[in-house]
Structure formats: structure tokens, C-alpha cells
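For clarity, chains are labelled A, B, C and D in written order, and residue numbers in each chain start from 1.
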Amino acid sequence: MTGMEVEIAGVRLKNPVMTASGTFGAGQEYGEFVDLNRLGAVVTKGVSNVPWEGNPVPRVTETPSGMLNAIGLQNPGVEVFCERDLPFLARYDTRVIVNVCGHSEQDYLEVVERLAGESAVSMLEINVSCPNVSRGAIAFGQDPDCLCAITSKIRRAAAQPIIMKLTPNVTDIAEMARAAEAGGADAVSLINTITGMKIDIERQRFVLANRTGGLSGPAIRPVAVRMVWQAARAVKIPVIGMGGIATGEDAVEFLLAGASAVAVGMMNFHEPRTTENVIGGIEAYLRRHGIENVKDIVGAVQDQVF
Amino acid sequence: MTGMEVEIAGVRLKNPVMTASGTFGAGQEYGEFVDLNRLGAVVTKGVSNVPWEGNPVPRVTETPSGMLNAIGLQNPGVEVFCERDLPFLARYDTRVIVNVCGHSEQDYLEVVERLAGESAVSMLEINVSCPNVSRGAIAFGQDPDCLCAITSKIRRAAAQPIIMKLTPNVTDIAEMARAAEAGGADAVSLINTITGMKIDIERQRFVLANRTGGLSGPAIRPVAVRMVWQAARAVKIPVIGMGGIATGEDAVEFLLAGASAVAVGMMNFHEPRTTENVIGGIEAYLRRHGIENVKDIVGAVQDQVF
Amino acid sequence: MQVQRQNRFKAAMEVVRTELLAGDIWSTILRYPEELAPEMREARPGQFVGVYPKDGSRLLPRPISICRLVPEERTLRLVYRTVGAGTEEIAAMPAGSAVEVLGMLGNGYDTESMAGRRVVLLGGGLGIPPMLELAASLYGKAAPGSGQEVPSAAERKTAVTAVLGYRSAPLFLKEDFEASADAVYIATEDGSEGTAGNVLDAVRERGIRADVLCACGPLPMLRAVRDYAAEQGIPAYISLEEHMACGVGACLGCVVKTKHEDPHSHVKNARICTEGPVFPASEVEI
Amino acid sequence: MQVQRQNRFKAAMEVVRTELLAGDIWSTILRYPEELAPEMREARPGQFVGVYPKDGSRLLPRPISICRLVPEERTLRLVYRTVGAGTEEIAAMPAGSAVEVLGMLGNGYDTESMAGRRVVLLGGGLGIPPMLELAASLYGKAAPGSGQEVPSAAERKTAVTAVLGYRSAPLFLKEDFEASADAVYIATEDGSEGTAGNVLDAVRERGIRADVLCACGPLPMLRAVRDYAAEQGIPAYISLEEHMACGVGACLGCVVKTKHEDPHSHVKNARICTEGPVFPASEVEI
């Protein structure tokens, strides 16, 4: 048996594979295709203090080897989440990580405080990087000082370990990872989507009602791997990697780059069983290479030898 | 006849389609496939003051709908360029735009001064954004003050109009475009490649000897269109758009987003005749929509109507 | 709104046959594996599938409605317009090849509630194909309790009228409807066949009476149907489209504004792929 | 170094036949259009083509060497290992389908300079296939000036010896070489056939004498060939590989370090796709 267990900020996951926030609802929809008990963790869609309507449609569109989305963080709010979605997730033998979003510091703190008493919640992932909310939340994730400040406020309010989710839309990802660490983050996750745009040339209009959207999928994988590598070298806290993971091999690439765990996002839409396939693929890789424990490959990439 | 002529900084191009620097050599190689006389302009591979060796191999690798490169700006230097490559290009009825690279301010100025007397050179494109040179040149393109300063120095030294080529690896592309404009740039071009990485999981090594490389191709097109749109709204000088253009339709997307001209890069490697196909595709689009002049669609994208 | 169906799957199907019906409208017949018999038994007209392109640069499923489901032959028929690279790829898939399909998606029409009524189906353009399975499942059905599996003409209670709106001749699927509806009327925008105008022009011109309207087609048509139903005081069920990513309710990409708070989302947004694509016309803001 | 060939094209070719030779080694025969006859006449062994995958997520051409070119049949044979998605796609292309090919790339071997000499071809692994076209073009050739199109055995001046190194049996292409070379020797790493060891072990074991060496195979083998040639005081031409993007010399992706300044690049880097892939072993730093 290969060892697939990993630990992030003191929380044990049976394997390093999670769902990426916003691509797996609160688990129910893909529960028809995937055995949720197999997953390292389910990361929920962003949850805010009150219900959010999100953006007008069209909200999604395909791009070469990827897609753009501008959902705008529609969600039923933390109360409905706790009453309806959390009990559903709690039935499974997997970790629940709640992705938290907000327009203001206060918004985040309200959600974090409301979740403090929920023992079914193992960790919080703080989305300071969603490019689709217009009221300035992106600034938290694009300025190191803001990021550090909000991290430490949330850290003080949170009962669970917090993962700061970083945006790739920055000049220096290492600096952002260090800012999160300095603020007390227990882990960082990256990458969120890269801001992009598509234009319908026949109608001469933006395809997305929001004009811009977030690019995800295999198209961005090389950028994600690079940033995970840079972040992992910059900080001591664990890094959770994501961006275009489709197979176990892709996941191994992130692990080698320095991620302690990985998340599967857009590719769930291509193949609902991607998360399970990724787990199987990592196991097969470890077996093929005679590696006993998945932890042994974290950050193990080396330079070419000639 | 649809009007395909455009003007950038006083220089007339017979059509808005150029080659992207570094993907078309100095024109000779693809001259076997494409009639160079058909092109709006040929943009050369980066030229430095002295010959550059570039990076060790592997220098290129494929990624989903894209590729990574870390050529490291190998080039024979400005003297050989002027003696061998420029006379070749001057034989064609197309504009020659020389892409200029350097490690230091002085490097850039030497090239720009050497080219000042070359009447066959219509414009200079200043690459302050190559992620593959290690001696700090990237900083010019990632800090607005540095960018503004170097732009104004080059502007003073240059005999030809200068196009500042912007890197997408920044938090705020509009700010960078404004910095170039403030420094006296005659135009900006974007995007250069997005820094990425690929790991060979079987060998647990970086695929590229340089570890990181620049991502280009259709994968990055949504990011490029977004940045072109943001830059075009931020400045009054013309914007030249590039990133993953494969067809006339793709080029129209950039024009609608606000680009006055476009460049074809990686897709030359997929289909050597891409530049000509793109020209034909734009013409067909204009005819189909009864648009008389390509200038009429520059920046013409609008919001959805419901 | 209607209860979400529980007949989801992702499976490979075999391309049996593809033919061009008219212009750029194609018909593809897929054969599904035996294992899917239970899911297909649960299928309802108005449900749709997601067809995955094979090209690795196109990763999202293409939503296409059930046009016809024939369990005896294990066939699923799709009729679609080639509008882009994905549908073109589907139309070019050779007979015998395999294609990945995500199904059965969406709620579909509640045909039981329509039994014994005069049901008028309004299909405009690519809204025509999904009406065929709806016609076929309503046609020849007696009202519940009649106790007749194959009722005689006199006992037949559900009256199915199809009104099909095309841009112009040549028409497609007309013969199929004639075999599955009590009456079929045609409208063409250019007047090349039937009523000149849209489906509602045909309804008015032919004086077609309805207890229930079911409609699929472009938004302006659906808005007109909603208004006509309100005017007539009858229910109308309309089938909506939106750009989709997951197709299963997970991404929240495909919402429509609703009149009242949606019980799933707790905002006035319902997921077309899950709570829809069929909605009572009076409950959505289109 | 040798002059760049002037026989480039990009064209669709027809897949005639694909077969598995051994393990994961495939042979695909392509038929090229008549218009390419001039380019093919100019082709030299050691040149290569770029085969474009059809999948839209894989955009770069796959460099594959000419294994055999038969102008009478308008066929180009490629022999390759399926190592990734691109080569797997090529192996799966059905007979009759079309594939885009960029060619003829690289300089190839200067066979004229070898006429009348004892030429020993060393192929290791996937370095074996390109040696076949080289053998075929050398074999049966008289030295220039002999005036014989098909010389008798006595007049035959070029002696072609092929030494083929495999990991292990089953061997591939052996029969093809036997028809195109004066002598064929085998080496296998595991000793399952021929000499146990590599091609140079076979050369030594069999006491094979050479005036010229031509080699293609993994880097360690090429380094050993370079050293052996230097030791023997004979020229060796080696064929190199590198990751490529354009294949035509435009991107500078595929360089090899050279001993002297390269006349094109003005640095000590030569483009493998253009100045190579065949280099005098003494002139490159491998």
C-alpha cells in the first residue's frame, strides 16, 4: 500500500486530492458520479454572510483548453450553508473545507465567526482573489499589505486553520505568499483564475455579461505550476496547488513543484469522475516509481542534468 | 475593396497583421511559405548590442493549446543584423520593425543608436518584458517607474517611433501602459509571454533547462484580449495586440478589443501560412459585415444587450 | 417548478448514423449501452444531454436536447445546427465511433400533468427537435385512469397539436411530427410554407385552441408565448437555453432570473440545467 | 557543416497503412501528393518531417525522420515509438485519412561524399529507422564516374554495413536493412540477439572496418561514436535530436553547442532543425 495520507495545518486528509472551490457545488451534484468518501477533501463554493445573486448571464464560456467564468460568487449565504449543505457533507468520510468570500473585511469575519462552532468544518479557504466581484475584494489579494492585514484579522477570528487562496493576477506571487504567511495563514492555495475576456465577433459584444471572467483549465496549468513552485520556495506553510489538473500525472507535477495537496476544478466539468481518476493516477505513479509515500515527492523536482 | 491600411505612430502598414517577435526569425525561414510582401510588417527576433548565446536546451516544450519557450534571446547582435538580415528584409514591400532587447539601459541605447541611421527600419519594438533573461531586464517591464524612465531615455535616443512591448506578468496592465505612454512611447504592444513551467514527472526534472519559460499560443488568448482591452482604454497611443492569434477571427477579437494592429506568434509554428490566413480572414470578416475599413472595428466591442 | 430527475450518467455511446436534414441542421442517432436502460426509462421529453467533443482543446459538453428516444432500439436521436467547432465535430463523427455523453440532464416536461388536455407544442427553429419527443410521449396517451394502454381514437384524451416555426423551407422533422401529433401546422418567416410569420401567427391564423402550451425556441418567441398564455389564462411551459459548463448544477453558470426566490439558490436565480430547462413561463424573468 | 536543403513544403498526405513493428514501435506509410515530386527528389536521408497532430490542444509538429522514401510509389515511411499523446495520435490515424506534414526539414547526410567508401551505419533504438533510407541510398551506388547505373558486385564501390542496436528482441526493420546493405550486424543490450551490448561493442567484436561512420541514437551512444571515430581517425556524422517548435530555423528552440562560431547564429550554437540534424561529430559539443 502506498501512503496517500497528507497533513495540512494539522488536519489529516486521506489523500491529497480536493475539489476546487466553485466547481463542485457543495458536493451533492457530483455525488452522483463520484464517491465523496474517496476524496481528500471537498472544498465548497464560496460562502458569504448573506445570499449573493452573482453576475448576470452569460457567466461561462469555453476557450482553447480552458474556460472563462464570471459567476460572481452566487451563493445562498452561510446560514443556508450550515443548515442544508453542511449536514449533507458531514455524512461523508471526507474533510470539509469551506471557501469564504466577502466584499469587505466585516463580511469575511461574519462568515468565519459563524463557522467557528461547526465541527464538521475542517478548514477555511479564504478567497481574497475572486476577480468577479466588483466591490474591491480583489484588492485584498493583489496588495501584500492588505493581504497580510486581512489574514491576521481572519486568523484571530477563525476557529479552524485558514488557507489563503491567492490570485495569479499579480506581479510577484512569492511576495503574496509571504504576506499571507506573515499574516498567520496556516496554508496558501493557488491559483485562482487568471482574468481573461472573450468577444463574440459576429455580434461585436463581450461574451460574458461581466465582460471579464476568470480563466481556468489545462490552458493555465503551466502558469499554475510555476506559481506553486515559486510560492512553495517562498514560504514554510503548506501550499495547495490547482489550475488545470486533469490527470494523476498533472497532480504529480504540482506535488513535485512543491504542493502538499492539489485541487481539481474545471476538469470536473469535462469528466465528472476526474477527482477519483486523479487519486488513482497518483497512486499508480507512486507504485510505478516505487515511492512509498506521497509526501516524498512534494517539492522533489530537480534541475536537468546533462 | 475593403480598406486594410492602418497607421501606427505615423507609419503606414498595408494591413494590420505583423509577425510576433521571436517566432519568425528575421523573415527568411518563413519566406519559403509566406509571401512577405503580403504582411503589414515583419517584427524581428530580439536584437541586442552584441551576439547573445541564449539559454541551454531544452528551450521549448508544448503545453495544452500552447507552448513554453525559454530561448533566452539568442541573436547574432545588431551588427550582423544590419549587415545580413536587414538587407534581406529591405527587399520586400513590408515594414520592418526591429525588436530590441538588452540587459541594461546601456544595452538598449546602443542598439537603438546603431539602428538610427537604418532607413529600412520603420519602428523599434522595445522588449522590456522577456522573462527569460536573468540579469534583471524583466524589472524594467514590471515596475511602472522603471518602465517610464527607460521609455523616455530610449525615446530620446531613437530615430524611429518606439513601441514598448509589455509583459502580462503584472498586477495592473493599464498602469504599465500608462507608464509607457508617460515616458513617450509611440505605441505599446502586448502581450509578451506569461511565465510558466513544466515538469517531466517521470524524470522529476524541469522540462526546460531554464526551469521557467514563457507561455504563448491560443491558451493565453483570453488573457491577451483582456489586457489589450484594458491597455487600449488606458492610453491614447495605439496598441498592438498579440497572444494566441490563429485565425482572422482571432485577430478581429483583438481589433474589437482596441488593438490597432495584431501580431501572429506561436501559431506560425503550427501553420507557417498563418499570417497570410489571418489577413485573408480579416478581409473576409469585413466583407461579410459590410465594413469598409478595418479601422472602423478598432475598439468597437460593446456590452451585451438584453 | 418540477422535481429534478434522478437519471444521470456519463457513458460512451455509439454513433449509428448522421444525416443532414436541411441547411446546417443535422440529425445524429446514437446507440446507448444496455446498462443505461433504467436511466432512459426515467427520461422525460425536454431533458437534454451533454455531448463531449473529442478534440482536447474543447473541454465542455455541448448541451443538446433529446429529439427522440427509442428504448426498443436503444437509440437517442439528436437534431442540431452546426454553429461552431463543437457541433461540427459531432456532425463529422463517423458511424461506429464512440462519443462520450453526459445525461439525462434537466427536469423535462411533466407529461403526466398534461394527460387528457389539448396540448399545443410550439417549436421555433432549433426549438423544434425537443418537441418531437414531447409529442411522441403525449400522443396516443389516454388520461390517467382510462385503463387503456393503446386507446381507440374515441378514448384518446390528450390532443397534441404541433406548430412548427422555420425561417424558411426546406422544413425538417415535419414528417416525424405528422406521425406523432394529431395536427401539425407550419409557419415560415418568409412565407415559403404554411403561415407567413411565427408560431403564434399560425396559432391565431388557424384558430388553434389550447389547454396547455409547451414551447421551445428563441427568446423573443418565448416571451410572446408567455404573454399569449397569460392573455389566454392558460399555463405555458417554456424551455430555456444558456451557456453551460457543468450541466449538472454544480457551477452556477446557467441561471435564469426567477420571479420568486429559488428554493435551491435562495436568491432569485434558478439553474437552467437543473431546475430547468423547462420552466412555467410565469415564473421566470426572460 | 552541410548546406541547407531547399525542399520545404507543408502539405496534406494520405495515411496508407500503419502497423506495429515491435513493442511500441510503429510504422506508418504516407502517400504524398504528386506536386511534391520535386521536393522529394531533393530529399536526402537524415532529413525529417514534422507531423501535425489533429487534436487542437497539440499544436507543434512532431519531428520524425525519413525512414524510407519510395518516389515510384509516392510513399514516405515513418517508423516511430509511441512515447506520448502526439505519436499515439499518429499511430491511430486510420488508413485513408489525411495528415498535415511539414517537410523536408534539416540538412540530411551528404551521401555523395561517401560514394566509394566503406560506410558503417550505426543505429541505436529509434536511431535505427533513419539509417534505412541512408543505407538504401548508399547501397548499390558506384563511386562517381564509374558510369554504371546498376553496377555489378565487382564494380560496386560503396560498401554499406549496418550495425543496429536494440534493447532486446524482437528486432524491427532488420529485414529491410538486409535488403539495403552489404552486411547487417545486430547488438542487443540484453544479449537476446547478436552481440550483447551496444553498436560499438558489435563493431569491435565483429572487427568491422569503416572509412566513414554515420550514427543516430541516444546521446551516450553518439558520444561513444564520436570518441571511437576520433580514435580511428575517421569522420563520423551524427544525427541529433532536440525539442523543436518551428522545425524551420525560425524559433531558435533546437540548438546544439558547437566547437566554433556558427555562421548563422554568430554564437557557438547551431540549429539542429536547419544546420543539422546531421553534424560532423567533431564539430558539436554533446
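In the analysis below, a contact is a pair of C-beta atoms (placed from the backbone, for glycine too) under 8 Å apart; a residue touches a chain by one contact, two chains touch by 3 or more.
Everything numeric here is computed off the predicted structure, so don't read it as measured data.
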| item | value |
| --- | --- |
| Third chains touching both subunit D and subunit A | B, C |
| Identity of the chain that, by mean CA position, is farthest from subunit D | C |
| Mean-CA-position distance for subunit D and subunit B (Å) | 36 |
| Interchain centroid distance [CA atoms averaged], subunit C/subunit D, Å | 58 |
| Separation of mean Cα positions, subunit B and subunit A [Å, integer] | 33 |
| Residues of subunit A whose C-beta touches two or more other chains | 58, 64-66, 217-218 |
| Contacts with two or more other chains, residues of subunit C listed in rising order | 56-58 |
| Touch-based graph of the chains, sorted into line, ring, star, complete or other | complete |
| Subunit A partner contacts - residues on subunit D that touch it in the complex | 56-57 |
| Complex interface listing, subunit B residues touching subunit C | 64-65, 218 |
| Touching residues on subunit D, where the partner in the complex is subunit B | 8, 10, 52, 56-61, 102, 242-256, 264-269, 274 |
| Residues of subunit D defined as touching subunit C within the complex | 54-58 |
| Subunit B to subunit A touching residues, read off their complex | 56, 58, 63-66, 68, 142, 169-171, 194-199, 201, 204-206, 209, 211-213, 215, 217-223, 225-226, 229, 244, 249, 252-253, 256-257, 285, 297, 300-306 |
